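Chain lettering (A, B, C, D, E and F) follows the sequence in which the chains are written, and residue indices restart at 1 in each chain.
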Amino acid sequence: MVKIVAEFRQEREALNDLVMKYADLTIKRFYGLDSQAYREGALPPKTKEMLGLVASLVLRCDDCIKYHVIRCKEEGVSTDEMVEVLGIGLVVGGSITIPHLRRALQAWDELGN
Amino acid sequence: MVKIVAEFRQEREALNDLVMKYADLTIKRFYGLDSQAYREGALPPKTKEMLGLVASLVLRCDDCIKYHVIRCKEEGVSTDEMVEVLGIGLVVGGSITIPHLRRALQAWDELGN
Amino acid sequence: MVKIVAEFRQEREALNDLVMKYADLTIKRFYGLDSQAYREGALPPKTKEMLGLVASLVLRCDDCIKYHVIRCKEEGVSTDEMVEVLGIGLVVGGSITIPHLRRALQAWDELGN
Amino acid sequence: MVKIVAEFRQEREALNDLVMKYADLTIKRFYGLDSQAYREGALPPKTKEMLGLVASLVLRCDDCIKYHVIRCKEEGVSTDEMVEVLGIGLVVGGSITIPHLRRALQAWDELGN
Amino acid sequence: MVKIVAEFRQEREALNDLVMKYADLTIKRFYGLDSQAYREGALPPKTKEMLGLVASLVLRCDDCIKYHVIRCKEEGVSTDEMVEVLGIGLVVGGSITIPHLRRALQAWDELGN
Amino acid sequence: MVKIVAEFRQEREALNDLVMKYADLTIKRFYGLDSQAYREGALPPKTKEMLGLVASLVLRCDDCIKYHVIRCKEEGVSTDEMVEVLGIGLVVGGSITIPHLRRALQAWDELGN
């Protein structure tokens, strides 16, 4: 799991430096809002990360998918649950999501299940 | 709740008649698969319906949103949970989802919360 | 068939009047290009209309779908062929296309097959 | 101009009532952010509304298009400028945007140019 | 042609191993349905592959485009036909498809026309 | 600035050679139309490039974003203006645009602001 999480954290820090170099109040507030939406509320973070993942899959954003796959792992999503989340994304979004589902499973596989 | 559910069931039956009049094996099998994806598995139907809803919101399909809003109600999703699901869709999908979020809340409101 | 084709032609003329009232050279040239792309070439108009239909279905544009369904009928697409075109769109585009597939079949049905 | 603007304001108020009935902090903050992004900054509101319009056109959201068409009018966008904004959206987004461009011009026309 | 087809087949096998390691019934059935939709029916596989290609182009999925470009070649699509399919996708989907059209033509070029 | 602009121009020339090798009249005319839409008119090229950029961001096309970021720089867009354009795209298109906004800012950063 170390490699993916390490790379992810490294990229994220580099990203934050670049974004913070340029971001105005709108962008900064969006980032704050993005974090807030996934925090514990009526729904637990685990469910929220699965929601973020399926949304990312049907919108076909590989970076977003990878982020939520890692977060799902951290929140204790099981392999059977992961496969069901991806299956719903596949049925809703169609075969056009297959290349992204494939890369989602690659990331999941590397996280050591 | 009667009006929305009644209309929904009526439209659905009319739809099924039309689809079944024309559908070949591919379309019929897709319909079967679509039902199967939301059945009890590692994840309960309630979670799966929330996944279907957030996917429908970010893809901005009003008919799909309405369907999953009704199904979420049937599966016992609370108003606080519903609002958090929609909030994640809004943050992921942006302001372009607002007209659909609005209609989702209208449907939810009519379902009698 | 009369009703749909009549409405379609009426709307199209009203549209053309409005568009021509405002269109600059960019918009006018786009309209010309749009017509040209579906003309007889290496591929016959029938195939091109089916291509336009499947593209419209996966992009989920009801007006575009209706236009190409009518054009497919005019070009002699059979019901079996129509259903297979829609089936490919459904598999590629996922369940999110179902409300549009449904309306495509409604239009096809009214065209008197 | 009265009819469109009146309807728009009426719908907006009804919307705000419904959204405010249900909205949690995430949704409320998103609404605040949405307003902020279009305020006077390095770019004037007129340019920002044109940016919002072209984004709405290529994403094919009729409600969003209508909103930005009205706002563009309020900010003094000329008909020639409006047509050029729509032309860029048409070229970037393709013929699939035509039904939306058509409705954008209908709204513009009713605003009394 | 050997290099692209070889790489494609190699990746596909690796993909199948990974997908089959994790896939549940929903994902497996979707894969089966995906194959079925392109089989000989009222429309020949050649037409169906062109439909799959134009759908993939307007949805801007490079992996899907590459797959259907290769399949089109195998089904005997001519260069003139290929260019017309891509032209329809370009007009429907707009300039945003250009980077993908470019890569589609690169793949087609390497296939030795 | 030399590296990005140099690579961009080199790729563009290679692209043009490949496209011109295959393009039929439809594709050639689309390319002409694409250039025309951004020329000086009622709106200056600077505004049009910002429109092209925000459209590319919400449609999440990295190649298109890079192209318009470079063109914005050439047309004298300031860093504050660039950040506001990206902020509108982010709010309209949601968190799914973040990986693209990130790469837009990377390109902008390398252009030497």
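Convention: contacts are C-beta pairs under 8 Å (C-beta built on N, C-alpha and C of every residue); 3 or more make two chains touch, one makes a residue touch a chain.
Not measured: the values here are computed from a predicted model.
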{"item": "Fewest hops from subunit B to subunit E - one hop per pair of touching chains", "value": "1"}
{"item": "Per Cα centroids, the chain farthest from subunit B", "value": "F"}
{"item": "Where subunit A and subunit D are represented by their mean Cα positions, the distance between them in whole Å", "value": "31"}
{"item": "Centre-of-Cα separation between subunit D and subunit C, whole angstrom", "value": "27"}
{"item": "Multi-partner residues of subunit F (each touching 2 or more other chains)", "value": "24, 26, 30, 33-34, 37, 41, 55-56, 58-59, 64, 80, 83-84, 87, 90-93, 95-96"}
{"item": "Category of the chain touch graph - line, ring, star, complete, other", "value": "complete"}
{"item": "Touch list for subunit D against partner subunit F, complex", "value": "33-34, 37-38, 41-43, 47-48, 50-52, 54-59, 64, 78, 80-81, 83-85, 87-89, 91-93"}
{"item": "Residue ranges of subunit C in contact with subunit B within the complex", "value": "60, 79-80, 83-84, 86-87, 90-91, 95-96, 98-99, 101-102, 105-106, 108-109"}
{"item": "Contact set on subunit A toward subunit F in their complex", "value": "15, 18-19, 21-24, 26-27, 30, 34, 55-56, 59, 61, 63-64"}
{"item": "Subunit D partner contacts - residues on subunit E that touch it in the complex", "value": "58, 90-97"}
{"item": "Residues of subunit C touching subunit F in the complex", "value": "24-26, 29-30, 32-33, 36-37, 41"}
